[in-house]
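So, here come the structures, one by one.
Two complexes, one shared chain (chain A), two partners (chain B, chain C).
Let's turn to the complex of A and B:
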């Protein structure tokens, strides 16, 4: 158990390298077994995780460049744990249900490398290590879009790469400055996130560093107005690429906000809270309206994905346990639901080689099982209670309500506009009469596709009905972040905005004592 | 008792899952019978719980945790007190009857199995709504009934109008749900909990301004579900769904959820009588407004839908004026006779091949005797004639507004009572009396299956006798609701009012009969401007379409094509192009020619020196 994180990160990579010598006909079986083992390992990680401990677990540390304090530092808490499990889960079902693909061997090896970088990002606690994985993750995705994508694939993949890469460079500069400030304050270099947490920076420094990190993260999320690479990437990517991009890669941005921006710069977080909330609200409403105007089903899902990311950002910047725990939970939900929706679009694309909604209509009677699963996922996306989305959305908005009533009221429009574009799209595709001759005999979802969709459906409902198994560890880890932020905050406003949990606990303890 | 609670709650759910198992297979009778039987079980359990509640006991269980983060703790908790027991009775009685009726009504439909899956799922959601012991649980049921209503309005999904109406209903409700959600957030941050008992215990110590806001936002939620103005248009359009759905969801149960919410949250509304007064005024307005549209409509189901809307207005008047038990009583009585009316309308539709225009019917009393009797009974009850249910519940609301000295509200409600009587009997006269006009259109009406009529008969019985339970009911619910008796102390005033109202209503009925016994198309009346306004439903649907839906669509398109593509994305590409073009343009510099390289070197040197000079001058100036 000591080096399980290392194994989780490098097992797929090693398996990927070995994959080059595996014969083409057996690569699928090989890929599936690797992914299943990896998923099983991530479950072992979950089993071994102690939900009552709020700090980092499974820590590993090997110095890499001691002079600069760069080390191979790994560790997870309740926030990263579930994103890692989700990443390995999606890679598994992605590989297992891969349809007819040309150069399938290259695809599977690429996916395994992608998995390494994804897990690496979420397990790293050293800024440089984090940065390395962060950037490395671009390469397999670039390849997936560029090699297996649609007609505009080169434009889309280059745009994706350069755009996010530019953002990350600014973030790297921020990281270097942060290490420099740390060296100034303590006399030693360090890139360890845990040591950075202890550093209290003056507010003016915080603002600049926050902005540098923000630029990198915001493009990745993507936040309005940096979102335009995403529709192209989704529009051109093959199904598996879109699924992983939406489910896992986008989470890097929101995760980094929770991991870096909030605990490192609490005062700056409070300072920028309102402007960011405004951006988040624009994201929610504006992209939802853009989604409504789309003619291509996949673009509807792509823009809806941006819209939902807005709620995640809003929850994160609620800066209290309810909001942050809600937003982390939403990251999981966004993975499950958006991943599933992209997969569902892939199902119909495989059959008809078009994603235009006007080409469909009346599919509910032709493909009832498909319509049912799509319907469940649609309702999960709309945020019906007892589906996974509601829990996260409710908590995020509830959290932000504490900070601003009026902004939450506006952000809450999400539940209206979300319903509008989703129901409209569903109506166009599934309801009405079957008008096109080609659609009359479309085969329903097959067994292979069921293999991916059934587990996702179960998760989407299970976590909506009973979110406790993952909400509890998330909430515990969030509490320690919030407490850290409160303790570190220097401005009066930040002290007020970020709740002091320790104090609340003592108050409630004394009041119970008084009651006795 | 806990066992009965769980049975009452989960039996419909099991039924729904059972029917859903068959949803992909062709019609099987068992998919209708099993859910109906399970609902009957649920009804029996509710009955046991009701008797238990009548003795003044409540059952409160906490099943498990739902959400917990930070200080927030929301369990799946269920509470059966006198109010929820009443609601459970209404829900289970009407839904059992509607289920059994539907076995006959949906007989020829190929999606028979799917229908029962959704119908039972609806009952389950409704039970969650009324049984939850906290606002979040109520919200689960709230959205759950919305989902089922969406699926059932759009049940015939190949019809464009049906799916359109389904989406409209869902989205309208969502608008209101946002209000409700905000109310819930505010409750949580001001009382620290969402459990009814904690919230109601704490609410007294919350600032009155905050309580007012909470009351307003919760009521916005209620406005959506109960289709109050201006969110009312979805209810009439919802009539696109199968008629049993209209009977169960859009008359008896779901639309009354808003009234239930106000009744349930009575400790909140008691603190804010101003908001209550507003609710009452809106209710009276809607009562009149909806009734006026029913006067001229020529669609049988829409007339009944408007009548439902109007009666919901009555309930809100009572609830707003603090007469919570009266509101709940009218809710119950109304559920019985309105469901009966809808089911009767369903029989007529079946007989007439889904024709909805009553002007094409007439004289059906000969062929459809059973339906005729039941629909007439329901209409008499609706009109509030002694001794049927409506007399006890509706006239009580009139008395409440009179006793509370809201004479304008009283006058409005009295006029509405007249209108109610008129449009109800206009419908009865057009359908069942007069000449048999349907022959002109080639219809061959027939009475519904016998067992459908038998299934309806308990409702007919309840529509007649529900009023007799008034005192028992009063003693029961006032264990949790404020106990205010509404009596007019002056006997002369009381008798004048009661008899006067009765005479007025009977006059309206007779007028309706006289006017519509012989159905003439009254061209002169149709030219009238007032008629046109009513006929077009005050142009409100048109207004929404023209000034909300279309601009939204247009704006979305502009956001996509003009802003996202031409501004946001173009800026990104422009930045990229600047770099690209600069590289392209300056590539000539690196031509490898020694003399031009030297020239550039000189240029570079000059620039550097100039910069150094400027820098040193600037620093010396700053220092100086």
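Let's turn to the complex of A and C:
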């Protein structure tokens, strides 16, 4: 059990290398078995996780370059645990439901490598290790979009790569400076995140470093002015690429905010809270409006996914337990719902080879099962109570309400826009008369597609009704982060903005309980 | 009335079972895949088995670290025993299996490697060996022994030629006899001491100073005979050349390494206390066995006309050397044993793999065995690399 994280990270990679030997007729069974084993391992990880401990668990540490304090340092807490489980779950159903694809062997091997990098990012606690996995994750995705994408695939994949690569280089500079400051303060080099947590920086340094990290993370999320690569990437990527991009890869940005920016730079976080909140709200409203104007079903979902990422950012920068726990929960929810919606679009694209909403209409009578699942997922995306989205949105907004009432109000209104465009899109595609001849005989979802969709639907509703098994470990871990931030904060404003949990423990407990 | 059973899960220490459970789960997964979708390519199964073995290896390395911190661990109703012997034995078993399994990727169509059952049985067999090595309990040793042997008989028979059936049946009858001997010996020891754990048995026997020496003699003779079969010590060796000759070369190489290391570890646990008991006839008996095995096998090897039979005899004599190390019974000799066996595993698997490379599907007329010496004469001219590698392994 001690090295389960190493096994989780490198099992798919080793399997990917061995996969080159497997005959191409059998590669699908091979990929599915590997992904199922990997998912089972991640469940073992969940079982072995002790939800009452708020710190890091399953730690592993091997020094790599001791002179510079770079080590192979792994560990997870409640925040990363569920993202890892989700990543392996999505890779599993992604591979299991892969349609007829050309060069399927290359695709499956690429997916296995992608899985390695995804889990590596969420499990690493050393900045350099984190950076390595972060950058490596670009390569398989570049390949997936560039090799199996639509007509503009080369443009989309290069744009995706250059955009995110630029951002992460700035982040790397930030990391080097952080290590340099650490060396100035303590006399030894270290890239270990846990040791960085102990370093208290003057506010002026914090602002610059925060900006450097913010640049890298914001592009990945993607936040409002940097979001332009995403619709291209989604528009051109094959279904599996969009699903993984939305479900897991985007979470790297928001996860990194929670893991790096907040605990390392609490004063800067408070300083930038309002500007970022404004950006997040613009992002929610603006992308929601853009989504309403789209003709292409996949673009609607792509923009809606960006819009929801805005809520996640808003929750994260509420800087209190409810907000951060809510936003982490929203990350899980965003993965499940957006992943499912992209998959659903993929289902219809496989049948008609078009994603234009004007081509459809009245599908509810032709494909009743498809329409039902799409309906449930759409309601979950809109945030209907008793679906997974409601819990997260409620908590995020509740958290931010404590910081600013007005902005929460605007954000709340913006979510209604979300309901409008989703329902409008649903109406265009599923209701009315069947106008096109080709649509009259479309086959309903088949068994293989059900295999992916039913578990997702169950998760979407189950976590909406009873989120406790996931929410509790998450809020335990967030509590320790918030407490750390409060202790580290040096300016008066930050001390006030970030709650001191040692005093408030009872209050925040009850409020999360109510949220259940 | 039965007492309600109260066992806490922690006290079971289920994690000690992980290394065995991994290949078992792997075997079940392979069977399930075949059930869901048949007719898949064998490369899939090979790679899956390799992955499971790698995971198994990883978990063993994990245990090795734990062991260096905490020392010997017991688990699962105290029948599992994870000590240095168990860990190193399992490491060798898994490593040798990992070397073997890619050989079945051959492009020449040996049909037995196309069956998923082959890989499932193979993984079950490894789990059996691991059980044998990682326990102190005679019953679990027996279970592990039978699990692995039954799988191995079937693997030989899967070759599906008349001769391989013959070999499998021969091996099976011998193995059944050995199993019978083993259970007899264990039974007598249990009757004497009231325990089936080897360290308990030795403690009880030492406490009453071997007063029932007659029964101990019978028990030890039975056990020795059964391990003699498994380890192919002279005079229990007769099956070895025949079985090796007709099973495929890779499998023969595997058989000469892995089942023996498992049996050696058990023999080490079992005979360790007997060797140190200062009972004269026991030592004499073992000495005779060892000396005979070391010398006679080499002489027989000299007069063989088939390379595989020659290698079979040579592996018998190697077993004799290892048995000598057990007989000496010092720490030094035990560590030498493992070093010796690791090296032997490489060279022997290598030598058999070279035969495997030079295999043929149909016998040429006028040739009565697969690998006569004549076939290899002049190899250095035709395939110099192969000849060089083979020379290296043989040395």
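Everything that follows uses one rule, which is that the second predicted complex is superposed on the first by the 504 of 516 C-alpha atoms of A that agree within 3 Å, B and C clash if a C-alpha of one lies under 4 Å from a C-alpha of the other, contacts with A are read in each partner's own complex, and residues count from 1 in each chain.
Throughout what follows, a contact is a pair of C-beta atoms (placed from the backbone, for glycine too) under 8 Å apart; a residue touches a chain by one contact, two chains touch by 3 or more.
Predicted model, so just to flag it, every value in this text is computed and none were measured.
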{"item": "Clash or fit, chain B versus chain C on superposed chain A", "value": "fit"}
{"item": "Partner chain(s) touched by A:415 [first = chain B, second = chain C, both, neither]", "value": "first"}
{"item": "First, second, both or neither for A:281, with chain B first and chain C second", "value": "neither"}
{"item": "Chain A residues touched - chain C or chain B, whichever exceeds", "value": "B"}
{"item": "Partner chain in contact with A:479 - chain B first, chain C second, else both or neither", "value": "first"}
{"item": "Superposed arrangement, angle subtended at the Cα centre of chain A by chain B and chain C, nearest 10 degrees", "value": "130"}
{"item": "Which superposed partner A:118 touches (first chain B, second chain C, both, neither)", "value": "neither"}
{"item": "Touched partner set for A:33, first chain B, second chain C, both or neither", "value": "second"}
{"item": "Shortest CA-CA distance in Å separating chain B from chain C in the superposed model", "value": "28"}
{"item": "Chain C-contacting residues of chain A that also contact chain B", "value": "none"}
{"item": "Residues of chain C defined as touching chain A within the complex", "value": "15, 29, 33, 36-37, 40-44, 46-48, 50-51, 54-55, 58, 61-62, 65-66, 105"}
{"item": "Complex contacts: residues of chain A adjacent to chain B", "value": "159, 162-163, 224-225, 227-229, 286, 289-290, 292-294, 320-322, 325-326, 362, 364-365, 368-369, 372, 379, 384-386, 390-391, 394-395, 397-398, 401-402, 405, 408-409, 412-413, 415-416, 419-420, 423-424, 427, 430-433, 465-468, 471-472, 474-475, 478-479, 504"}
{"item": "Of chain B, residues touching chain A in the complex", "value": "23-24, 64-72, 136, 139-140, 143-144, 147, 150, 154, 157-158, 160, 163-164, 167, 170-171, 174-175, 177-178, 181-182, 185-186, 188-189, 552-553, 555-557, 559-561, 564, 568-569, 571-572, 576"}
{"item": "Interface residues, chain A side, partner chain C - complex", "value": "1-3, 6-7, 11, 14-15, 18-19, 21-23, 25-27, 29-30, 33-34, 37"}
